[in-house]
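Both of the next two complexes hold chain A, though its partner changes from chain B to chain C.
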Partner chain A sequence: MILSAIAAVVQALLLLLASPLITGLIRTAKARLQNRRGPSPLQPYRDLHKLLRKGVVEPETASAVFTAAPFVVFAATLLAGLLIPTVAASAPLSQFGGVLTLVYLLALGRFFLALAALDTGSSFGGMGSSREMTIAALAEPALMMAVFTAALGAGSTDPGRMAQVAIFEGWRFLAPSQMLAFAALFIVLLAETGRIPVDNPATHLELTMIHEAMILEYSGPWLALIEWSAWIRQMVLLTLLANLFFPFTLASGPGVMELLAAGGLYLLKILVLAGAVVLVETTNAKMRLFRVPELLAVAFVLGALALISTFLFGVR
Partner chain B sequence: MDSTQAACTAYLLALGLFAAGWLLSLPLHMWRGASVRVAALLNGFALAGSIAAAAAGAFALAAPEPWRWAAPETLAGFRFSIRLDALSAFFLVSLAALAAPVSVYAFGYIRHGAYGRSPVMRSGLLNALLGALALIFTAGHVVLFLAAWEAGVAASYFLMTATHEEGETRHGGWLFILMSRAGAGMMYAGLLLLAAFAGSLDFEEFSGAGNAMPGAAAAAAFLLLFFGFGIKAGIIPLHAWLPAAHPVAPSHVSALLSGIVIKTGIYGIARVCFDFYREMPPWAGLVVLAAGVVSGLLGVLYALMEHDLKRLLAFHSIENIGIILMGFGGSLLLRSYGYPKLGALALVAGLFHTLNHALFKGLLFLGAGAVVHASHTRNMEEMGGLIRGMPRTALYFLVGAAAISGLPPLNGFVSEWLTYQALLAGFGTTTEITRVAFPVAGALLALTAALAAACFVKAFGITFLAMPRSEHARQATECGPAMRAGMAWLALACVVLGLGAPWVIPAFDGVTLQLLKTRISLSGVSWSTAALQAPPPRTGSASPLALGLLLASFSLAPWILWRLRRRRVSHRVGPVWDCGLPALTASNEYTATGFSKSIRMIFSAVFRPRREIQPQFEASPYFPSQIRFESEIRPAPGASLLAGAQELLLWVAKRARQIQAGSLHAYLAYIFVTLILLLLFGVRP
Partner chain C sequence: MPLWSDPLFGQTMITLMAAAVLVLQITLVAQKSLVASIRVFGVQSFLLAGIAGTIGWFTGAGHIYVAAALTLLLKALLLPTILLRLVEKIQIEHEMRPLLNVPISVLISGLLTLLAYAVAEPLQHGMSYGGPAALGHNTLPVAVALFLTGFFLMANRRKALSQVLALLSLENGLFLGAISLTYGMPMIVEIGVFFDVIVAVLVLAILVGRIREAFDSMDVTRLSRLRG
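After this line comes the complex of A and B, so read on.
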């Protein structure tokens, strides 16, 4: 009980403190690949610091929903992050919910953010809200298919348990079901974190924005919370991908050295995956909005194939 | 007094109150001085009766033995019987849980002329409807069941056509009657087929009767009953009456229609699938599961296309019926593979969603009623900004919207979570290809739920947020205390059933023990962590209470920090970025149609959207003086089916009219022929 409370606090701190760094590293790496110098990887921390000190300009058309949304989004995302294993092979709050709860918590945050976007009355807000909900809806079945494939292999929807079973069974990443599910989840990751080719996180051209269009009217600490939540969400999804399919670095015991080593390996895994995201972002162009469903359909088909190959070939 | 006796007393009290409420309306209705106050008095009977019904259901769920009562033999040789077993008790509780707050709401709502020109009669009919529903859920005899069913249809019809001066209302009512007849026809056939093999008209004898029948007859009876009840439940493609009839009714009646009247179909399906048929081959489960998946997905897709707030909610009823049927279908499949325990989990998921849907859909319809009353329109495109005028209604509607979207920690999340767990557990049960159906259904459930969330972002956002789009919306004011109390009650129920789900689930033990001879609570819910746990093989757990507390503390902590800081930094209200236009107006806002445009484009294979733009100009096409825009989508499948049926019916009626030539000689001839025929058949030994 106390141990898992400590684990929860540590993991919350890890998510809060490391997620801006990952975003910063992705930005820097992207800039380098594009022959730019780019900002320092620590820039997100500076942004947070700056935004948190500033005042707020509240849109005159907005209501209490607009005020509440950053806090709900932040809470839901952080809580979702406590339901997955990061360093040790079990999630700190696994008894409170598994991977299904995680998906629904992310949906809770998205729901309120989309409402807040509509609340401003600006057409950009409505546009972002509509697109975000559409893409999220289309990504959901692919996400579930991939998660189901992993869950069915382990016989559990608890991601910690899934990781443990995968460790116990040894290297099985080359099983067709696992590869296909990984590919499906990677596409979903791109869509859910608003990356090229689905959304461009760097754009400020109104007509192509999705996430940015939703948060256009936010400022000061509210904006800080929303940005922070987006970074945490990105880290959570990267972790999910890393630890469901490569769980072998997870620490199995409570030894300090073991945990530290596992923590280092964990960050390494996340960075490798983030590197893959960077490569995809630099080598692809952003898709037209109505091409995105095709990409997500590909993800769904991959997920479905993963599931059927579980049926055909067994898990291993 | 033991709980069986208590259940019996409360049940009779409830029926008595409903009957009194209805019978009193008959003389009072004639009285010219009868006013809305009299209607409110009769409404009091509905409230008291609902509370008694809730007690009856609760006691019956706790009772070890079902309470049963059989009348002395009546004229036609029927022995009517009443039976309050666990399944009946559960539906009785669902009825009461919705009907009580709805009657509270009605106290305020009928003062606004919701019942048209005869409020007293319709207040009485509300009692009649509730009484009929209570009887449908508890009838133990086919004839009594069907009589109550028809009474329920009649009462619903007269309640929903309160504003029968409008053509749309009459059309909705006509569709409702027409399709109810078709459904009843199939039910009659199916029930009589079962009765023929059971050798009795008593439901007691029906239990397991489906298995005693030869295969073809059993399958025919099952399909007849499933689709017969399915019309009432509104499964696609038999749903066409639902989005036409529910929106035109007064909103608290819509709440009852969507919340509990269509659940009589679900009750029928549960009764047939799990009581009358104790075993079914896997195809039956696949049929139910497929019906659930199709209804869920198409229901939500068509809901997204609506900008009539009440029609949108009506389509969501179809979606939720689909989710309920996914649970039932999964349960049937699991039962036929010999996993009653997992089947019980799926059944509980379906039943819990039935109760939850009654609560949040009731809440949403009541909210819609308040909104429609305040803004004088059902068209969302003319609403907006209502959260300023009616903050309480907005809050309650938001709770309902979050619950129906399955967001944690509310009740919709719990039942969807249970459905996922059941569907996932199904994968490990067999080696046949049918097991792929479970996770595929799960993925489509995810799509359905995500689209539902999108739809309620639209429904809440366009209706309540941003700037008002019409003068009425600008001047909208909060509804009265009775209406607010009714909504607050339901909103609270959604929260309590979500957070308290681990304590509610054991109440389903009686139902699963009766229907599947097993229960899930011992393995299913662990009290120590207040979490729901799917039964072994342990597949996952979720604790809505803990999630709720953590969410609250995680969002309150930064909020408090921000409030503390707020005094030291600037906080001002400024205009929204308007791209340098003179000012942002309501016409800059995204509309409901615009919001769902991307989904309309993506699913254009389903919707077949057609649009027409005709600019009118004088000098140059670049300066149009007027633009006419028209956009329409193909109606959901089933509409053409319905149109065909309607045409056929009218054709038959036309032909049948020729028999009634009006000639006395012809009528005498008919009577003579009938007499001869009767003698021939009657006299024959």
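After this line comes the complex of A and C, so read on.
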């Protein structure tokens, strides 16, 4: 019990402290690939520091939803992060729920953000939240099906249990359906974290913006909380992708050396995935909003095929 | 037993690569840019050569290596280069407009893949599992799926060049089916098929150029009148 409490605290700290670094590294790598020098990878920490010291300006039209949203979003995202295994092959809060809880905690955060954007009554907020909900409604089925494919392979919806089964089975765990599910989940990752074919994370002065349009009215520590939870969410999704489909580097015992080695490999996996995201971002142009459903249709079909081929391929 | 001589490991690798081939085929259906489609086709052929090479390694049949090497050289390197040159030379617009829009096309190819699974399933029942004899047999549904979606892709495209690409991906499905069921046809048939494909692409390349010269476009829907 005490051990799992410590694990929860350590994992929460890991998510809180490492997620700005991942975002910073993605930004720097992207700038380098575009022949710019770019900001230092530590810039997100400085942004957080700056924002947390400032005051808050609240719009006159805002209600209590506007005030509550940053905290709800932050708490939901962090909780979702505690439901997946990061370094060790078990999730700290696994007794509270499995993958389904994770998906709906992320959805709860998104719902409150959209609500808060509507609450201020600005036209940008309304536009942003309607776009966000459109994309979310299309991305969520694909996410669910990809996650269920992995759950079917392991016979459990608890991500920690899934990782243990995979480690036990070794390379036999790699089934063709997982390849399809991985591809689907990667597209969902791009859509959910607002990456370039779907949304441009680098600008907040564009008519096509989605995430930035929703948080336009926020300032100071509240903005810091929302930005921070967006970074944590990105790290949670990267971790989900890395540890659902390639969990073999996770530590299965409580040894210190083992945990340290697994931690290093975990960061390596996340960085490889982040590198893939950077490559996609630099080689693609942003899609028109009406073409985003095409991309998500591909993710949906891949996810559906993955789920069905688990039954049909005859491997398992 | 070391990993590289365990046939079950070989089978896992082959099915993984086959699944990646299927993912690439669906990308091909969703892709609108011609240049990107050609590159996707190149990667797909590269994976096919990988599958052939793995089957060759685990069965010890020498002629499959030749087939793998031919696939690598011709389909993964030579054909994409020829097609990319062609695109550059005739400077066509890179966006292709399929007859059906992308979500419907992708859904249809998903359904075709399901059909392929349903068709290939009874064939798989009689086969033995495990051991080198069963290697790659469960890629049959993927092969049938490549074949069916290749057909659909060909019907769904307007431009002659993208139809050539669809034909090539269809041929990839045939190759995958042949190599996974029979460990490759006799060498002479294999070589014949490869030269057929090369000649077909070269002839079609010339034909595409001609169509473009005569009609100022590669849209085959304009070729609707016979003239004596």
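Following the convention adopted for this analysis, the second predicted complex is superposed on the first by the 309 of 316 C-alpha atoms of A that agree within 3 Å, B and C clash if a C-alpha of one lies under 4 Å from a C-alpha of the other, contacts with A are read in each partner's own complex, and residues count from 1 in each chain.
As a convention for this text, a contact is a pair of C-beta atoms (placed from the backbone, for glycine too) under 8 Å apart; a residue touches a chain by one contact, two chains touch by 3 or more.
These numbers were taken from a predicted model, which means no experiment stands behind them.
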item	value
If touched residues of chain A are counted for chain B and for chain C, the larger one	B
Which superposed partner A:293 touches (first chain B, second chain C, both, neither)	both
First (chain B), second (chain C), both or neither touched by A:308	both
First, second, both or neither for A:179, with chain B first and chain C second	second
Partner chain(s) touched by A:36 [first = chain B, second = chain C, both, neither]	neither
First (chain B), second (chain C), both or neither touched by A:131	first
Which of chain B and chain C A:46 touches, first, second, both or neither	neither
Touching partner for A:204 - first (chain B), second (chain C), both, neither	neither
Chain B and chain C footprints on chain A, overlapping residues	293, 304, 308
Touch list for chain B against partner chain A, complex	385, 387-388, 391, 398, 402, 405-408, 413, 416-417, 420-421, 424, 427-428, 433, 435-436, 439-440, 442-444, 446-447, 449-451, 453-454, 456-458, 460-462, 464-467, 529, 531, 537-543, 546-547, 550-556, 558-559, 562, 565-566, 569-578, 584, 586, 588-590, 594-599, 601-602
Interface residues, chain A side, partner chain C - complex	171-172, 174-180, 183, 291, 293-295, 297-298, 301-302, 304-305, 308-309, 312-315
Touching residues on chain A, where the partner in the complex is chain B	53-61, 63-65, 68, 71-72, 74-76, 78-79, 82, 93-101, 103-105, 107-108, 110-111, 114-115, 118-127, 129-131, 133-134, 136-138, 140-145, 148, 151-152, 155-158, 216-217, 220-221, 225, 289-290, 293, 300, 303-304, 307-308, 311
Residues of chain C that touch chain A when the two form their complex	3, 8-9, 12, 15-16, 18-20, 22-23, 26-27, 30, 101-103, 106-107, 109-110, 113-114, 117-118, 121, 124, 138, 141-142
